[in-house]
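In this document, chain identifiers A, B, C and D correspond to the written order of the chains, with residue numbering beginning at 1 in each.
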Amino acid sequence: MQVLEQGSADYFAVDPDGHRAWVREHKERRQVSKLMDEHEAVARFVADGDYMVYDCNYYSRGPSSLLREVMRQGKHDIWLCGKFTYVAVSLLVGAGVVSAVDVGFFGRSKVVEDAVRDGSLTMYEYSNVTLTLRLRGGAQGLPFVAARSWGGTDGFEYSGAKLVQDPFTEKPITLLPSLNPDVALIHAHQADEFGNARIFGTGIAHQEAAMASKKVIISAEEIVSAEEMKRNPGANSIPYYVVDAVVEAPFGAYPGIMAGIYSSDAAHIPELYTALASDSLDGYLDKWVHSVGSHEEMLAERVGVQRLLQLRREEIITEGYRA
Amino acid sequence: MTAAAAFSEREHMVVKVARDIEDGANYWVAGGGGPLYAVLLADRLGYAKEAQYITEDGVIAPEAELPFQAMGSMMSSRAGYRAAHWGTMNTAGDHAQLGYMDYGILNTLQVDQHGNINSTVLGSYEEWTRRYGGPGGAQTIAAQCWRTILMTDQQKRKFVNRVDFISSPGFLDGTEGARERAGLPAGTGPWRVYTPWATYDYEERKLRLIERSPWVTVDDILEECECKPLLAPEIGVSEPPTDEELGVYRTELDVRGQTMDRGTWVIKQDDGTYQRQEMGA
Amino acid sequence: MQVLEQGSADYFAVDPDGHRAWVREHKERRQVSKLMDEHEAVARFVADGDYMVYDCNYYSRGPSSLLREVMRQGKHDIWLCGKFTYVAVSLLVGAGVVSAVDVGFFGRSKVVEDAVRDGSLTMYEYSNVTLTLRLRGGAQGLPFVAARSWGGTDGFEYSGAKLVQDPFTEKPITLLPSLNPDVALIHAHQADEFGNARIFGTGIAHQEAAMASKKVIISAEEIVSAEEMKRNPGANSIPYYVVDAVVEAPFGAYPGIMAGIYSSDAAHIPELYTALASDSLDGYLDKWVHSVGSHEEMLAERVGVQRLLQLRREEIITEGYRA
Amino acid sequence: MTAAAAFSEREHMVVKVARDIEDGANYWVAGGGGPLYAVLLADRLGYAKEAQYITEDGVIAPEAELPFQAMGSMMSSRAGYRAAHWGTMNTAGDHAQLGYMDYGILNTLQVDQHGNINSTVLGSYEEWTRRYGGPGGAQTIAAQCWRTILMTDQQKRKFVNRVDFISSPGFLDGTEGARERAGLPAGTGPWRVYTPWATYDYEERKLRLIERSPWVTVDDILEECECKPLLAPEIGVSEPPTDEELGVYRTELDVRGQTMDRGTWVIKQDDGTYQRQEMGA
């Protein structure tokens, strides 16, 4: 199985045996409460220098309240898994959190261009599916994952991929290095105190991200009893023993949609775009992140009850978003 | 069906794609906007009631509740309404890798004579002038769907000899078997490029002009191509959109005017010819 | 990526491009009715010489009625994916259907030993998970799947596996050839006429088997409307476009359990074991397969209403087995 | 707790395993019978209330509704009752490959001095005398759980120098790093073997006797080993089961007497010693 070509870029090191050792030493197999507030969860489980993944994005079931807390705590030197993300990359870069991005897709912005230009941000090239595949490989405890895509692109050269000769068909095939992120942030519809979590609707790679990562923070719209979760185990997306922290976060996806519960805040989008089109995100970040002490304070001071109720009212479709 | 009196050039492009949607085929549509609207338009107009689409977040064959909210064409309850199946991004990727996607439809920033697609940088990779957001889902769509359809504007800087960066694969260097040598599935690749002015296919893996819009000449088109496409023996002329097509498009799909408010409009003249008119002019 | 060792056995040929071509040509992308009776489904979609996979087994949510129809129609020369199967391998071998088995696990029996000894049955060695992994590879359109297991066993030599040097970690890793079976038989709780199917509870590799296979027959306890299936897309296990035939088969898992609907028939098990312990299964097969024309006739003539009602009554747990 | 007056030797073995279950650890249990009963017994007796188990069909941490029906220890509503998660076989395999399984417990047919396991053939592969059903889940359990526990009978033909066929991996040829060279995860391997007469661990990857049952001598055990195990400096003596242990075991778990009805029984004598007695004798 000959290596025919390989990318020349650095990639986040893959080490399945090291990951297994971490799991063995750090993952709690007892069913114990992991409930904590967002401040404690991010302080304990997001470290400067971590490789971080989050599922979905700032507009759609993303862990927006956790992302704001990461910015509020001034985490830095984060290597980000930038799959299927519109504005979150720009926000985190603008807040000084990020020093490297594995690019799947992000919304172009001046703040990102400036950071790349001044050398404070390094880009590694992938695509959405190659990143979700890398997470799949990590979620399965494997060092790599095969793909019949990615070969032939110029991104290949700026990635950690290798083109090898498949020893079965003798055709060329791409191997992507697996990802075991240091930390995953995932927003769920429901979770219990142990970390069992339910996500309804589609997803990008929430199960893969949770299974692949060393540390997992779940925020949830609703904390339900473990007894309730056990009544429908087939609806449970993520099992407790991979989860390190559970944060109650109603409207945690704000300003994004939480399908079946509330709509996205259409009024917020132009505000964000205006900020992104400018030289600096400081005004936006000050208003929505730094000038409030917590997610709840942001909801109370910046959004308000009436708007929140209105967002719930606008989400008229609920079919399929209940266990 | 009545030919419309006024429409944007981009609306014309979406309508052209909608008319070419193959009934009973599967489409992997990239993101929102034109690609998704084209498939939905074909359904709503009855052109291809049995074509189905899959989105990047793993929605299979939904009965989308229109219109979408802003940024709501994926991962929203309206977009996924009454689907046959809800999966994830890897579901969509697996089904594409298995050959279930007859077509992929993409918007693109820059395309070259062999159908390669750039959504990464303008300029060289090290000395770029603009940094874009990467291939997203397009890379997998272009690699694995049987036939890839591109939608883009007809501009010289968008039709180049060699894209500045291959973010998503076309026929690569254009030689026979180049995709297979790069590890991509056999028998896949670019199929059509639609612009507001023109439609292209490929002959021996090289872009070929097959149709023009009635308000432009072949020379107009070639003027807006850095890469000179091959020319089909006969260049057809596309039918402008009808009132019925635009009615559905504007009231149910592009309700926020994403394709309507930008670019150039076309006005039908009393003599039956069409005149381009810049927006705001 | 050097091949360090490889098994010397034949394996069912892996050809992802060939499979893609089959999918393109044969899989119906329209939402059309595929309802048919078991006779037509098996006659049309199970061919002599096919590689066949079924999910679960004769005691637990297996496609028992379809397996009996395969025997009734006298299919032969079948290469069987023998994962997690107790008696089904022996039944199919005893009925003359099978000429090769990829062994994951089966219940030892005289009929299997005799067939191997007389050369009419060839065994290839795998394990349960290596077979479900091979199906996963097939379900993902890949030629192989990596595993950090199977190396070091003697079975490795009698399989299609290869031990290669992982080009990322430089450690040895096993590659297994993917499986794209010719035909999959899967029993579901619910299906609609198009083939969308719901399976509740755990499974062995029902989704993988369906996605990997060229032809897919779904039998279901209940045919529900497509409208009903669309009310909860997240509960739908298998999408219509991979399915070729849908067979209504109430008590289709008999004598096995269909979790949440009916219990296994405890009285049937000793009868089957007695047959398996003897030299021939002819008596058992005659009674339960050949002397009845259909699954419904078997239920009516051999089981009876009272027993069926009793089996429903015995299945007291239903939590989690409804959408 | 009262020492039981009469019990089967296999019951003794299951109770020994149950007492050694580590609280707060994850167990991947193979199939039904002894392995599953040992973990459930540890839970019901309060020895390890926070140990959890995973089954081959992907049930994680169930509150199993006992007793099971025949053949109902997997893929049944009782076996999966009130679990934290319902997955599939690949779920269990993935979690094991990721290192979430502290222990695996297996019944086995034949084991050798390095903990290799045979469940395929007796005799050579080409000229076998008995053909068994293959490794099933045991191969993955033995390859990937951190520590593998075996349960088997103490018989000379079961404890051999080299198993006729390695269906599931122990320490392979016993050399250091042999498992890693075969592509298995680092730091895994055989941990204990329990029989009705004896308990073994491994020293330098070789079987070592550490405990005997009170009704047998070390010589009795060695007589029933083709492969001669190492001997621990002190050989402990196992505690026979108590009435409490057997009460739970017989009424809730082994209700059909799978381990009770076979093999040899042990009767406590008035002088406190134990006497073996063949069933039916």
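By definition in this document, a residue touches a chain if its C-beta (ideal position, glycine included) is under 8 Å from a C-beta of that chain, and two chains touch if they have at least 3 such contacts.
These numbers come from a predicted model, not from an experiment.
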item: Shortest walk length in steps over touching chains, chain B through to chain D; value: 2
item: Between chain A and chain B, centroid-to-centroid distance (C-alpha), Å; value: 29
item: For chain B paired with chain C, centre-to-centre distance based on mean C-alpha positions, whole Å; value: 41
item: Per-residue multi-chain contacts in chain A, two or more chains; value: 16-17, 141-142, 147-148, 171, 173, 201, 231, 233-234, 319-320
item: Multi-partner residues of chain D (at least 2 other chains); value: 59, 80, 82, 86, 97, 185
item: Chain-level touch network, classified as line, ring, star, complete or other; value: other
item: Chain pairs that touch, as defined at the top of this document; value: A-B, A-C, A-D, B-C, C-D
item: Parts of chain C lying in touch with chain B, wherever the complex brings them together; value: 16-17, 19-24, 27, 29-31, 139-142, 194, 196, 211, 229-231, 233-234, 236, 239-242
item: Chain B residues touching chain C - in the complex, by the definition given at the top; value: 24-26, 50, 52, 59-63, 80, 82-86, 94-95, 97-100, 102, 146, 185-187
item: Contact footprint of chain D on chain C as seen in their complex; value: 56-57, 59-61, 82-84, 86, 103-108, 112-113, 116, 123, 125-130, 132-133, 136, 147-155, 158, 163, 171-174, 201-208, 257, 259-260, 263-264, 266, 269, 315, 317-321
item: Touching residues (chain side chain B, partner chain A) in the complex; value: 55-59, 65, 69-72, 74-78, 80-82, 86-90, 92-93, 97, 120, 125, 130-140, 143-144, 165-169, 172, 178-185
item: Parts of chain A lying in touch with chain C, wherever the complex brings them together; value: 1-3, 6, 14-17, 141-148, 162, 164-169, 171, 173, 175, 177, 200-201, 231-235, 319-320
